[in-house]
Amino acid sequence: MNFLWAFVVGGALCAAGQLLLDLTALTPARILTGYVVAGVALSAAGLYQPLVDLAGAGATVPLLGFGHLLAQGAVDAVERRGLLGALTGGLSAASAGVTACLACGLLAALLADSRDQN
Amino acid sequence: MSGRGVLCFSRPPRVAAAGCVGGRKEAEGPLAEGFDALVEDTRCGQPSWELAESALARRALDIALEKARLAPENLDAALGGDLQNQCTALAYAMRGVNAPFVGLYNACATMAQGLGLAAALVSGGFLHRAAALASSHFCAAERQFRTPLGYGGKRTPTAQWTVTGAGAVVLAPGGPGLPADGAPVHIAGAAFGRVVDAGVTDITNMGAAMAPAAWDTIARYLAATGRTPAGLDAIFTGDLGLVGSRLLVRLAQLDGAALENHRDCGLLIYDRTRQAVGAGGSGAGCSACALCAHILPGLAAGRWRRVLLVSTGALMSQLTAQQGQSIPAVAHLVELAAGTSGQEGGSQ
Amino acid sequence: MGRDCAWAFAVGGGICRLGEALRTGYLAAGHTLTDAAALTSVTLVALSAAATALGWYQKLAARAGAGTLVPITGFANAVVSPAIEFKAEGLVTGAAARMFTIAGPVLVYGAVASALWGAVWYLLRPWVAA
């Protein structure tokens, strides 16, 4: 059942992104940025955690979930260390994924070459 | 001289030879048979995509010179350009070529620009043998102007596909008794375009930005020479693509002209129903390759007798586009005629 | 457009479904909820990087559109693809610097938004927590 919800919710969030691509002049970079900020806002409004409880990775894997992670990190850190936590919490919570991206990028740059799309 | 920037040659220069090279996507396209060479490895064994484009341009020039039975030292000048920053593709291609080089930049309008200038210089007797050439490379253009090749951003349907290819044309003074394959082809006239800005800001829709410039140049040429679209066998635009081509025909209609024999090089070089190329081909190499692989052979074979090539260029940069500026465009035109003199019905 | 959305839904949903399978696996292996989520992200990032390096991700994305853009695998692709593309300009000024051309704004706006929310939470907390 969890797998079905993950598929449906994750798929729906992606289909919504596709509508933004097709119906607006937004570029992919703007949509990614918008999704993360929207994730922070939805999380702040308390609307995103219920979706995570329902769909698991269906809600955390799309970039809205990245925004939720940042917002949750900030809140948790504020609880632990006060106002300073607002600055440390977000990126700390997201550090595993971000550092993995950077490490994979460097490794791929060393190993792989640019390819023609044809 | 019958109009500002409109040139009618009393001594039309002759196309001595042409050479063109394409990549893998061009090999799958409808014009494949017209190419002199098609490379399977679009990297051309080079360390970068930029140098791969240089290799394509150099090969196209070498083929044209070989067909014209000329050595580089017989060339009085080569005029050409490409899409890379500071025109580096041709600058690097011309290293070690023993011929004066005149670098040009008018984006995708460079081929007709170079051909018009070379024709004027040869017709005027300033140069004896001159080459015009242009190139573009999909990969070099993507990484410089858009996104990395491995990036998964989906292309907008109005966006066009940069042609991987280069074309070179060698011109010689017109006159009888010179060797040529089939019927000789002459450059009967040329027109240099005005910069036209139609207010389009969408850089994924350059066809629409360039169509008004194309019609501006065509209309001025027709007015200055007294020709009519019906009196021409074909009008080839450079890379308006599907969107821009429709717009061009509409603009002509608004001025009371019917462009029934209009073709677009960007739509000829790929088959949009089979190849995922958005609204068609584009790039400085697009009209260069279509000219050498399709238009010149068609004229030599007697398929057409008199055609226009109107290369269209979008003249923005990434910076001006990011600053929200609209896209200035320009179109340059050459008239090509088959026959012994290229003059009949011709120059006033 | 309907076809675009169907592709985005199917591929995006599939990536999330894979993520859920990974998360379930990591939870079963005894990891905490937070660690399982982080390990899931790291695994998806690594898979995306491999697919990008092989040129597969771009080919899938040409069909899937937002289906490959919106999941974290799309973020990884936005970091890894410029790293590969611009290594020709050097590992420092090319690969490393260009990793952030697409991903940078996501991090900037995400981090700033979370900091703002953290500050707002700091002010609201005395009332909400009660």
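As written, the chain order gives the labels A, B and C, with residue 1 at the start of each chain.
Definition applied: a residue touches a chain if its C-beta (ideal position, glycine included) is under 8 Å from a C-beta of that chain, and two chains touch if they have at least 3 such contacts.
Note that this is a predicted model, so its numbers are computed, not measured.
Path length between chain A and chain C in the touching-chain graph (shortest route): 1. The highest number of C-beta contact pairs joins the chains A-C. Centre-to-centre, using mean CA coordinates, chain A is 6 Å away from chain C. We define each chain's centre as the mean of its Cα atoms; on that basis chain B and chain C are separated by 42 Å. The distance from the centre of chain A to the centre of chain B, each centre being the mean of the chain's C-alpha atoms, comes to 45 Å. Each of the following residues of chain A touches two or more other chains: 21, 28-29, 114-115, 117. With touch defined as above, residues shared between interfaces to two or more other chains in chain C number as follows: 52-53, 55, 58, 65-66, 69, 74, 78, 80, 82, 84-85, 88, 102. Residue numbers of chain B whose C-beta contacts span two or more other chains: 143, 148-150, 153-154. In the complex of the two chains, the chain B residues touching chain A come out as 23-25, 42-43, 49, 138-139, 142-143, 148-150, 153-154, 164, 202. Interface of chain C with chain A (complex): residues 1, 4-24, 37-42, 44-46, 48-49, 52-55, 58-59, 65-67, 69-76, 78-80, 82-85, 87-88, 91, 95-96, 99, 102-103, 105-107, 109-111, 113-122, 125. On the chain C side of its complex with chain B, the touching residues are 52-53, 55, 57-58, 60-62, 64-66, 68-69, 74, 77-78, 80-82, 84-86, 88, 98, 102. Residues 21, 25, 27-29, 114-118 of chain A touch chain B in their complex. Those residues of chain A that touch chain C in the complex are listed here as 2-3, 6-23, 28-29, 31-33, 35-37, 39-41, 43-44, 55-58, 60-67, 69-71, 73-75, 77-79, 82-83, 85-87, 89-91, 94, 96-98, 100-102, 104-115, 117.
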